[in-house]
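Shared chain: chain A. Partners: chain B in the first complex, chain C in the second.
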Partner chain A sequence: MSQHAFSRRNFMHAAAATSVMAAAAAALTACGGGSSAASTSSQSVPADSNEPATIVFMEAMSSGAQKEALAKMTADFMAKYPNIKVDLQEQPDYGTLQTKINAQAAAGTPPTIAQVYGNWADEFAKSEVIVPLDAYVAKSDDYKNFYDGIKADLKLSDGKTWMWPFNKSVVVQYYNSTMVPEAPKTWDDFAAAAKKASTNGVVALAIDPGSSSGPAGGTAMFEILAQANGDAVFADDGTPQFTKDGVVKALDYLVDLKKAGALVLGTKYPGQVALGGGTGAFDISSVASYPFNLKAVGGKFTMGVAGLPSGPKGTANQLAGTNIALFAKATDAEKAAAWKYMQFLTSPEQMAYWVSMTGYLPVSKTTLDVQTFKDYAAKNAFVLEATKQLDNAKSLPSKSWVNQASGSLAQALTDAVNGTSSSKDALSKAQDAATKAMKAAS
Partner chain B sequence: MATQADHSVSHGAVKAQGGRRRWSLSVRMLTAIVVALVFLIPVFWMLLTSVSADGDIFTFPPKLWPAWDWSNYARAWNASPWMKYFSNTVLIAGCVVALTLATSLLAGFAFAVMRFRGRGLMFLVVMSVMMVPQTVLLIPNFIIAQQLGWYDTYLIQIIPWGASVFGIFLLRQFFVTLPRELFEAAELDGASPLRMLFSVAAPLAAPSLVLVGLNSFMGSWNSFVWPYIMTKSDSVRPIEVGLQAFYGTEGTDWTGLCAAVTFTTLPIIVLFLFLQKYFVTGAYGTQGSVRG
Partner chain C sequence: MASTSAAHTAVPASQPPAAHKSPVPMRPAFKPSRRKTALTSPVAYLFVFPALAIFTVFTIGPTIYTFVISAFKWNWLNTSQNKFIGLKNYQDLVTGAIDPPFWSTLGTSAYFVVAMVVGGTVISLPLALLLQQASRVFVAARAAVFLAHVTPLVATSIVWVWIFNPRYGLANLVLSWFGIGNIDWLGNSQFAMPAIIIYSLWHEIGFITVIFLGGLATLSGELSEAAKLDGCNAWQEFWHVTFPQLRPFILFVVVISSVSSLQAFTQFFMMTSGGPGFDTATLGFQLYQQAFVFRKTGYAAALAVVLFGITVALSIVQLRSTRSIDTPS
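And then the complex of A and B:
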């Protein structure tokens, strides 16, 4: 799952989320002042007590194995801590989740904890709606075992840790091993293999760029390509740098694939659909797509899974997925209970179960020693390769304008690949739009 | 000779006319079949997918003889409390339709027939509501719902949708086409405005009311974002919310979704089949009812 994943879903959720952002920001700012409790309690971890507490976890693990796994882990937690009740409030997708958190926070009734992306957390932190977790992580035994990329992902630009990891993933390549016997090692090899496979009605790769209001997985792939060329689309402080050589080359690469008949743009998991239908050779998507892709293929051929190819500047990847934030309005008893629950979810045993059920990656190195994980990795060797990338993979900067700026990139990708604009012109236009969004947000 | 010639000319003309009619009928039939196919193919595809094996749904060309995997229906049925969702949806949609009809009838009649100061301006204000995107109002509406204590209740799913700008507009447009003499005669007979509305205007507006009712019913039945944001409990949520159980963040359980859509769409299809005559009349036949 990527930060873009929500926009791949049906409907106008993304548009809705975008439309309410302004109202939400204003409302959050207005309600932020009510966190005097936040500023005091954030400095220390509430004392553990046996006081009964109910915590609300607002999440988007609303279907299939993700829903089943989270429900079981939560039931196990409540069995272990009978005085704590966890109310799972699932939302159908990340767009709705964001809207609902914004609405509830603005109304003064936020959940106790929720899945959040970094750019949402950035807004919440500014409004003092969530609490920093530095004091909490200082007391955590599991934290030190987290991968470096994961630890970095929990921080915002102020250097504080504001989140706790949950469902993390990186992007991998799925391929039809009948059409492509071996996974390409470099992006040049990938292009050659894709062009070769694109015969007899096969278009090797299908991607969904998303839209200007909601970038999708295709845009994430483009961002990764640019990074593999040595130029990240955003600087560390979130400044868009879409006109850099590496970014232009990445877009030219995709345009070239399109011209060769090896790339098609689509919507709603087009890579998964094409791979499953035998009309595509590759799907470049999240490692957490594995169960869905396996189902789509349905045993018609052997589906290969491998890490992403490398570019001139090495292998690049994007850390995707959400973390958990703790809301300031919670009472001390609720915070203590929520903290117990958050740690429980990332404990090696629970994380191993979560990984084996959902395809997400383990956030801590100690998870690799758990037998459940070993059994899973024995059958799915790619997970070890993907896990290694957790030390280096970076998520997009946690800035409120980043999603909108990525939307401009999605538009540029669409325009260039469809031939309505050159790569340079499309990216120049996207740069202007993204800079405007950044200035407006700042 | 002349008679024979006339007869043969007339026979030829009749024959030609018959040929044109047959040709015209064939073209119309063909068009109707094509249009019907355009609408039926997605339904057929949905039914096909609902009984397909997972690996078959993306194959191209599609398999027209599916695997008949009925377990998709069992899985879909067990995914959500459908009966509760169904009864909630019927209750919510029923109340919304009743309220919408009442408010549309009253407001439409007032704007079309009654004379009062500021009528035109008020009508414009009502119409302007159509221009405000609902998504922008979502958070303020949520805060209001919380403050009223309506969050996670039936009320929040019914009351705000109990008036329809479209309904008011449609009824108003219908009532302005009625001859004023109708109401003047009723007035002479001593009828109050309400009596005029219910005894004279409303019966004539039956087709339009059916159109407004159906539109309102379908809107309520298909409502998704509002109930999702405004509720949290299965005990008050409608059917559309249940369908989300098949969407994942990384993919969709298409076979389960299509099975669920099949059994949740059936009621609305049956309703439409029963009421389609009124639906069509309401949409295209308002002039006829005026003449009557």
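And then the complex of A and C:
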């Protein structure tokens, strides 16, 4: 056999060339192809043909009452519409959910609908992988009954409605009523009560600022404090404004609590752990934490729940939770089915059940008239107070850089509270980092 | 000898005459001939092809693709929006335009790598010397030390997060016995990296110790006996006899520890998410954070190319160190 015909060198050259060509072909395919823009049909509501359709709902309601409630509501929906099958694809947490959605969208096989945060939706909308819902909401009776804060939360900065509400919440204060007989009404009262309760190994408040990868509840509390002082940490267009007086005062407030031994930083829901273990007096957390906090307390004492205290510029709060987005790759039949399902989830009866099971808030005013909700509110008076805030509560601006910028804020909080930097210096550094992130994203 | 005669017949005509004249190099002349036959046979490539195809699709192809991505402002959600930007991602990398600056990330990586290499070697070598005896107790102790290495990183990272918990953790309890106050191990810039290094050493020293135990088993006992007869004490024997013989193994440990530490990810993801700030964001973690959290895929690909280059350099050192183990002086 001729050595020239099939030498090792030739083979290796051929293999290398094949690899390069394969990669180049993939790159060229990627550059030229990719996800298509929203189809013409996505700009209008597809006609309901009652064709059999299977829709995939990618969600993160993977445990406890949330999982149970969503499964039941979905089963009820499928019983009502036998031609539609809903495939619930649950993910263990929001981080995994985001990664999975991105991976599937990149592969050209996104789910039909998915839970999304505003800043995710901003990126999806710019990349043309989700469809605007203006034409859909125009035909919805339920939409008219949504709280104003909820309606605003469904829009992106282009003024279009891109999302449909799902699991919405605001922040409330949970407290150990043995240590704190009455919920503080102002943030000054809160500081006084926290300092008083911090004796014999008790540190009144434990918060998790989060990390550079993403802020956690502690940073949300700080952002609310700043707003109660009259200065939001982000302008409406997403520009960071961390060095404003109200923001600096909010950080000074937390530093003062730390110095008085009434605040500690931690990870993995430190407020809930401390409150449940009797080593904390408060937990500042989402209203959706209610069933989890009740479980942590386990009947050892009476857990009080109340709205957040007010600051010099009134009460501030942050709208938390996710909405649902509809993906552009879905067929018209899938879009029509998904739209039916989305409306079903927010119908007053279903929403009342959802609220009573999970502690999330009702997104429409008409839900308050449903008996299931009335029964729930009779036992949990704080829900009505929290629901009132849905007209005014705002979420962080839906910009792709906001998460990274809030990570810088989390770092500023950590540095100042740990005493490695003054509030002003820490926030100034965070402002620079956040501005850099905004410019890079723009 | 059959093999010798076979060697004579297999020597190709192109072989220099000197090879035929020498009485010794019969085996070297035989080896290349057989190897060449195997490598020029299409059948051999047929057997190699499945492995090569898998390697090409899952390793070589993606590696080349990473180089391609690093030249783009890459939108993985809609690749039709990708924009070719040439070396801009590398420029950002060098100028520190993206947070955290590349040089700071490299410094964080170096901190972790040096601590792991030095710490791992300094702890594991004495441990191996201690455990090299063949009694039942020491064999059980070897298993115990190695056990940490086979535990899953994710599960044990979570356990260590609780050990380092500032309020309820075991680490602070132990410190309190010595009158030291609470430390926020994972939340404080000064302590976060040392805390991860402590965990990583706990996880890795079992493996390194086993390598040293293997090395110690190959050493010549005669040299040690001779040293003892000449009046060496235990330290002199170790330093002048044992240690020089272990050098190839130490070099091997240094190289593989460097490569694995450079690519470490799980403990950073689970314990600190790269924080506080970016104080524990090593090169391996930054790849993930830039690509999947901050969505700067092109920049992350440029980081991956740099990590690839460093790993290749270390792999070359590793290959040479392996050769030196095969042929000790």
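Just so we're on the same page, the second predicted complex is superposed on the first by the 404 of 442 C-alpha atoms of A that agree within 3 Å, B and C clash if a C-alpha of one lies under 4 Å from a C-alpha of the other, contacts with A are read in each partner's own complex, and residues count from 1 in each chain.
Here, a contact is a pair of C-beta atoms (placed from the backbone, for glycine too) under 8 Å apart; a residue touches a chain by one contact, two chains touch by 3 or more.
Every value quoted in this text rests on a predicted model; they were computed, and no experiment measured them.
By the touch criterion stated above, A:265 is placed in contact with chain C alone, chain B being left untouched.
Of the two partner chains, neither chain B nor chain C is touched by A:318.
Once chain A of one complex is fitted onto chain A of the other, the partner contacts of A:119 are absent, as it touches neither chain B nor chain C. Legend: residue contacts after superposition of the two complexes on their common chain; A:102 is shown touching both chain B and chain C. Residue contacts after overlaying the shared chain place A:91 against chain B, while chain C stays out of touching range. In the superposed pair of complexes, A:437 makes contact with chain C only, with no contact to chain B.
In the superposed model, A:229 lies in contact with neither chain B nor chain C. Legend: residue contacts after superposition of the two complexes on their common chain; A:285 is shown touching chain B, with no touch to chain C. Contact with chain B, but none with chain C, is seen for A:300 once the two complexes are overlaid on the shared chain. For the contact definition in use here, the residues of chain A common to its chain B contact set and its chain C contact set are 1, 6, 11, 15-16, 19-20, 23-24, 27, 99, 102, 106, 268, 273-274, 277, 279. Those residues of chain A that touch chain C in the shared complex are 1, 3, 6-8, 11, 15-16, 18-20, 22-24, 26-27, 30-35, 99, 102, 105-106, 123-124, 127-129, 203, 206, 210-214, 264-268, 270, 273-274, 277, 279, 400, 403-404, 408, 410-411, 414-415, 418, 420, 433, 436-437, 440. Interface residues of chain B, counted against chain A in their complex, comprise 53-60, 133, 135-136, 138-140, 142-143, 146-147, 224-225, 228-229, 232, 241, 244-253. Chain C makes touch with chain A in their complex at residues 36, 39-42, 45, 52, 56-57, 60-62, 64-65, 68-69, 72, 75-82, 97-100, 161, 165-168, 184, 186-189, 272-278, 281, 289, 292-296.
By the touch criterion stated above, chain A contacts chain B in their complex at residues 1, 5-6, 9-13, 15-16, 19-20, 23-24, 27, 60-64, 66-67, 89, 91-94, 96, 99-100, 102-104, 106-109, 268-269, 272-274, 276-279, 285-286, 288-289, 291-293, 295-300, 359.
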